[in-house]
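Contents: one structure, followed by commentary.
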Amino acid sequence: MSFDIYPIVQQLRQVRDHWREQQNRTETSHREFPSCEAIAKAMTDLKGVLYPLRLGPADLHQSGEDFYVGHTLDQALRTLQAQAQIELHYRHRSQDTSADFEAQATQTVYTFAQSLPALRQLLDSDVQAAFHGDPAAHSVDEIVLSYPGVLALIHHRIAHALYQLKLPLLARIISEQAHGQTGIDIHPGAQIGPGFFIDHGTGVVIGETAIIGSNVRIYQAVTLGAKRFPKDAQGHLQKGWARHPIVQDDVVIYAGATILGRVTLGRGAVIGGNVWITGDVPPGTHVSQASANVQQAPQHLTLHQAYGNAAAQPDFSAPVAS
Amino acid sequence: MSFDIYPIVQQLRQVRDHWREQQNRTETSHREFPSCEAIAKAMTDLKGVLYPLRLGPADLHQSGEDFYVGHTLDQALRTLQAQAQIELHYRHRSQDTSADFEAQATQTVYTFAQSLPALRQLLDSDVQAAFHGDPAAHSVDEIVLSYPGVLALIHHRIAHALYQLKLPLLARIISEQAHGQTGIDIHPGAQIGPGFFIDHGTGVVIGETAIIGSNVRIYQAVTLGAKRFPKDAQGHLQKGWARHPIVQDDVVIYAGATILGRVTLGRGAVIGGNVWITGDVPPGTHVSQASANVQQAPQHLTLHQAYGNAAAQPDFSAPVAS
Amino acid sequence: MSFDIYPIVQQLRQVRDHWREQQNRTETSHREFPSCEAIAKAMTDLKGVLYPLRLGPADLHQSGEDFYVGHTLDQALRTLQAQAQIELHYRHRSQDTSADFEAQATQTVYTFAQSLPALRQLLDSDVQAAFHGDPAAHSVDEIVLSYPGVLALIHHRIAHALYQLKLPLLARIISEQAHGQTGIDIHPGAQIGPGFFIDHGTGVVIGETAIIGSNVRIYQAVTLGAKRFPKDAQGHLQKGWARHPIVQDDVVIYAGATILGRVTLGRGAVIGGNVWITGDVPPGTHVSQASANVQQAPQHLTLHQAYGNAAAQPDFSAPVAS
Amino acid sequence: MSFDIYPIVQQLRQVRDHWREQQNRTETSHREFPSCEAIAKAMTDLKGVLYPLRLGPADLHQSGEDFYVGHTLDQALRTLQAQAQIELHYRHRSQDTSADFEAQATQTVYTFAQSLPALRQLLDSDVQAAFHGDPAAHSVDEIVLSYPGVLALIHHRIAHALYQLKLPLLARIISEQAHGQTGIDIHPGAQIGPGFFIDHGTGVVIGETAIIGSNVRIYQAVTLGAKRFPKDAQGHLQKGWARHPIVQDDVVIYAGATILGRVTLGRGAVIGGNVWITGDVPPGTHVSQASANVQQAPQHLTLHQAYGNAAAQPDFSAPVAS
Amino acid sequence: MSFDIYPIVQQLRQVRDHWREQQNRTETSHREFPSCEAIAKAMTDLKGVLYPLRLGPADLHQSGEDFYVGHTLDQALRTLQAQAQIELHYRHRSQDTSADFEAQATQTVYTFAQSLPALRQLLDSDVQAAFHGDPAAHSVDEIVLSYPGVLALIHHRIAHALYQLKLPLLARIISEQAHGQTGIDIHPGAQIGPGFFIDHGTGVVIGETAIIGSNVRIYQAVTLGAKRFPKDAQGHLQKGWARHPIVQDDVVIYAGATILGRVTLGRGAVIGGNVWITGDVPPGTHVSQASANVQQAPQHLTLHQAYGNAAAQPDFSAPVAS
Amino acid sequence: MSFDIYPIVQQLRQVRDHWREQQNRTETSHREFPSCEAIAKAMTDLKGVLYPLRLGPADLHQSGEDFYVGHTLDQALRTLQAQAQIELHYRHRSQDTSADFEAQATQTVYTFAQSLPALRQLLDSDVQAAFHGDPAAHSVDEIVLSYPGVLALIHHRIAHALYQLKLPLLARIISEQAHGQTGIDIHPGAQIGPGFFIDHGTGVVIGETAIIGSNVRIYQAVTLGAKRFPKDAQGHLQKGWARHPIVQDDVVIYAGATILGRVTLGRGAVIGGNVWITGDVPPGTHVSQASANVQQAPQHLTLHQAYGNAAAQPDFSAPVAS
């Protein structure tokens, strides 16, 4: 069995050359792109740094925690520094620049590192929120060990820190790794307050300019998305404008709800399962899916109780499984 | 390039100490938490034990099956025993106990091991159900090799066995590993009969107290959830009460349907795509999303045939892709 | 601690023997099933072959690209050849055949290999489409490095090529690996034109006989599924008939929309979020979720703007997060 | 940093082509040479098969021994079979042969496998011999766990079995792996009886046609070598003739002794450290390095007691360290 | 290709059972023997602990040293503790003991750990000695990075510490690992002072009861061995008596020299290449291989200068290669 | 079980600080020492580059050779470049230098790479020499696959090239890796002509300034060493002077022979086993160990034929085992 692979290699090169020409790329002798694999390794390390006994190696004990944390942090930062340097080169590749990207990457990554203790505290608030928000949770440790929402938030809070430090590509790769693992897709640009709890999580999408307050709780398949994609005079998508919802403190959004555009869900609002919202919701309001033929929708209502006991008391239908 | 990581390590310790104080944790010299990594290794082994040629190593042949199964089972059980012992310690850490957790863990894990042959038979019934339920399936082996629903059920049936043996934390970690891989989130407490088939599966959520009969078939994004989260006098969530649906034999639930609360879907009921149910459904009933302005919904109906051939014959709209 | 595992091994064998009897399997001395692990390895290699600097190893540079591509392609093809040979044996196991499966597998895999350059070009068109379709995308490289839709398409386009070359089992395993990673479930039989963009992607399901034109864009949780499962006289599911939608060029389908049956979405149609379609949609039509009590649905409409600024201008609600 | 490696790759190919031309090699599409790495893997497995608890994995226990042994044996034999097939192809590459090398390799390897129980018994006799022959040995298990002589004999006895089964290349690779690890160089052709003990071992060399009886003991740096290298009429070395010593039962050879040519060391002979022997030694004789100025050497004598207590009693000087 | 391995597994079990019977072994449910693999892992860790930047991981920098050292030490001690516990069980397996081996192993390993700083200092003296003793050495770091004598001494000094702490089996395994790597065979019982330098080293053998002073230097193939193996009344080898040389401070022993029995090489003695010594050597004496026919050997002489310039001046022939 | 490792880590740091003070080391933020592990990886790669099918991966075939060679060479050179840069920094660490070590390392490593084709040719001559010199060799391939002498020469010829390019530390580490594996200790400075064959090899030592001609053959335990270690006025060893033998073309040196000092073994000389030479040997001379009491040694003689057939014809005693 023998394959003649030379012509295929040749053609693959031609396709790559064609692509590079199209993209106006010039040849370079240093590494061009960050490596997803390297970043995944750094994230594994950082998870161990933040929760050494729960997310670190199977044989770690309390007595060795600090050494493990220090050693692992050292490795993670070196990896991140190398990848950050690549991103800086990459982003400025077309500029005639004499910037010292090595020093800049080192400084940025160290600034990031200094935020880790505060970041862990924030995550602890998320864990507490999950414990108080889920009747199926037996302990705070179970949550760190097995809740996808916490995993997604560890990635997000790290990615967001790097996004703010102007490393959006690393941030995005880190976010996507959580998305792949949990089905929860949070753009690194999203601003999320303490005590955030995502239950089940599969299908959750949170957009780049979303702003989420404290103690917000959301369930699977919730979308905080954009409503419109305006284009500029040249027909290109306009980028960078605030196009995702603001969710104030203590809001709860049940499974499958879709909130679109720069709308505000007021403090304490409760959004029922599967509802579709494209306007502001005042504080304290409870919204559920409008029964289509009821014109004056009350604030508490139920829908589609097909063949069931038609909701005698106005109860709230939360499509969750906890 | 050099990072001064001492102060960061120091602060991370302070945050951990603060957390432990809050949680009333005392120092301990033995391993405190089960390891997700160790449990994942045991699960990889157990999948090989149950389906050696299809989920075991690439170079295994029939002639060596029993040896592989025995050796791999031995390794899996030792790993599980160690993790079970840790969970027992963990759960009883605040009690002044002289219990022999090592013996207890050994006994529990061996009991679990003895259930594996029956568990494989149950899984075979699930595989058969998938073969009969999916027009795209070419063989039973394709199903074991590539259907996420089967993977989720292998994890669930193992997790459920451990849940019943009072190892809920190990069970939960095992369930979540399937959720991460498949997007199917089944709580280990859920009771599921033989011949269960989940097609596509992404976004499925099945709650802790759900009860599912024989030969039930469900599609992606189906939720069997809780409707309400009552609190006790102190304002804490009430835990442990039956709050999820009962699904009787031969029920089919199409994609995106949401069933909430301790309702019963009677034997042979068919629930259409995207419908929202919070009441009982009698046996044999076909439910589809109510056309809002049709007050007397027939058992077979279609909805939202936007701009299409408005369902001359009452056919059943199943949002599946098989 | 000691487990008596002999009886369990014995019983597991009995269950396996019982299963094999049921399936009319005879003993065989060669490897019976393809290995998911081996195929996953080949896919990792092929991703590196197609995008060496972005999806290949962390330390690769431009100067070594061709060597890496050639060496990795060689390894990938050998692995695929071995697995293809197993699939051929498997599919023809009940026939008294003297076919030379080794030669056949070699020929098939080489034909596949020759399609890789064209396949890379097709994927480049998908990357371009993502760049133009997502306001959050900063560069084409970010898309290759972190967009799940691109990952799903790399798997799909490879799987589809193998499906066409009559290796449906390998194809299916490759598709499912992308599904596990991204939550995007595309059957290898689906025909997809250039410039296809899936944003976010979790929960997308595309069926076996779906046909998708050029420059189509879809969002998370979109289903292109079958509407009915007709059975033949013996009560068996009918297989192999065209049962999934045709999506013509330039169509956009927003999140959560469900399109069922062999319907056609005409060129340039735009399907709003969460709509449910079981009939044809004419070219250029914009469909959004019908306000139930509006009998004559206009082409542009909005629904469920609960408590919001009730759609003064007919804008299009896209439940996306970009 | 960028290297232009194309010309180097090109030149390396030219050198290889030149070599192949010189060696009259033709192109071939199957794997040409056995792999040292694959054979090393098989040897690791076989050592575990022979001494599962002592040379197998760290977490093996008695209860799982048979399963481990069976599974590991299965893997080892498959690896050996593949390598044996390659050796058969290799050795017959210039012949126009239609031999079924696959079947031949399978048969040969199975014959080898059947000899493993007897081989383990032989090795047990070696372990016993070491225990009785070394005052520093505390237990038979210490010997299996840490004596290089035992490691060398495990390799040799396996290599010798393969050598007899006409797989001299595999045999040689296996022998050399022990040589690399222990400094003990035993040609796979050497015939060695039970109860053989090599202490320390570094520098021991035993030639292809050596014959060693039962319960022989040798120390480091002993050579059982050839004396002359006769050439044939064409000036080529004559191969295959008996050119190494015969060592009868119960002989002891102390460190550094050199025995050359087809001489016989008679039963029970004791050869002192550093002596040089090129003639037969009668049974029961004790030989030590001749004190040069003593013409009639007694059977017990000492030499070179420089500045020491000149050996009052004729004791035997054994340059060993036990 | 299929092997019937059942009968072979069966026979291998019979051979093992036979062996266990012979050795009066009873069945046991805990791990019986230390694992060479586990100990090798601990040694790799300990080498990194002692020389973090030179023998630790390739990416370690000064700033992370302490964390690496602490973390790696923690892992090494846990591994050693587990293996020590196994050795204690093993050695007392025939006694009806209620000893707490876990506590005993922990205590012993911690005592060992406390000796590591002193042990590093001792090793530093060895490195200095090498630097001063070898004209080919360019730096102290080259010595740590590449001299087999230093590697052998790291192993020996650790093994000797464990030997003194009554863990002779672990000690022996550790010694043999250095022997396998370097060809230098030092019994863990040997007592060796500071500033010891072994150059080249292959073939060096140092016996259990040898005592070596400060600043001793030896070359390859030097043996410090036993002269006689007396047996007791029952014909068993007598164990545990002082049977190897005492080498006082500042002695140099050139390559291939053999020193046998409990003799003393006095302070500052120099032993020439290949000489054979079985008696005491007074301090300051220079010994070289006696020209056999010279009865009154001077302290400086040369031998075998075949066809050479017959040693006009009494120079000292050192068979070294530095 | 819990170890208090803080004080030990503290003390180890103090010992390290003490050492650094002694060595006048200052703190540095870049990696200080080359990594043996990294260099070992590069050597594995280079061996594959030189002999792809014989020393490369087990699944390589002729059709993929060039790609494997190119890719592997690329990786090896990058690794070497990084290590070379570290060595350059290391050697010039006390100088206030502004040298561009990165460029220098790149240049040096590329020069080295260009010598690889010639180096392979040289090694092919060594393989041919082994084939012609060993009656036990069946093929040239067996020699590449299993002869330690070839392995040692691959390392040496690479190490020597780096030594000449002023990277003596990398060179030394590479040499020692072969020494550890084969027991053959060749200093990277030694100059060795084509067609060099070392049989068995354990214990061979070749010094830094040795010069070896073409077609030389040596056996195990041969030393080409220094005779004296003169010191300068300050009592330091004099370094860098020619102190090892010159061995002219076609010389054979049998096992255990010791050649010391800057002597010359003339073309075609044959040195018998165990002889000790400290003077020049004229071309064509055969030297064997002098029978001590024979004053006029003939050129052909035998010694120590204890109790044997006293060498009727003057044959040459070669202590080899081939």
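Should a chain be cited, it is by its letter among A, B, C, D, E and F, assigned in written order, with residues numbered from 1 in that chain.
Keep this in mind: contacts are C-beta pairs under 8 Å (C-beta built on N, C-alpha and C of every residue); 3 or more make two chains touch, one makes a residue touch a chain.
In this text the structure is predicted, and so the values were computed from the model without any measurement.
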_Comparison of C-F and E-F by number of C-beta pairs in contact, larger one_ = E-F
*For chain A superposed on chain B via Cα atoms, how large is the rotation, as a multiple of 5°?*
120
_Residue-number overlap at the chain D/chain F interface, same or different (half cut)_ = different
_Taking each chain's centre as the mean of its CA atoms, which one is most distant from chain C?_
E
*Distance between the centres, which are taken as Cα means, of chain F and chain A, whole angstrom*: 56
*With chain centres taken as the means of their Cα atoms, state the distance from chain A to chain C in Å.*
24
*Could you give the separation in Å between the centres of chain B and chain F, each centre being the mean of its C-alpha atoms?*
61
*Spell out, as numbers or ranges, the residues of chain B touching 2 or more other chains.*
1-5, 9, 29-30, 59, 61-64, 66-67, 69-70, 73-74, 78, 183, 202-203, 221, 289, 292-293
*chain A touches which residues of chain F in the complex?*
1-5, 9, 61-64, 67
*For chain C, which residues count as touching chain B in their complex?*
1, 3-6, 8-9, 11-16, 19, 23, 27-38, 90, 168-169, 172-173, 175-176, 179-180, 183, 185, 187, 189, 202-203, 205-208, 210, 221, 223-229, 237-240, 243-244, 258, 260, 263, 275-282, 285, 287, 289-290, 292-293, 297
*asked:* Touching residues of chain A toward chain B in the complex: what are they?
replied: 49-50, 52-55, 57-63, 65-66, 69-70, 73-74, 77-78, 81, 102, 106, 109-110, 113-114, 116-117, 120-121, 124, 132-136, 138-142, 145-148, 181-183, 200, 202-203, 220-221, 255-256, 273-274, 289, 291-293, 302-311, 315-322
_With touch defined as at the start, can you tell me which chain C residues reach chain F in the complex?_
59, 61, 63-64, 66-75, 78
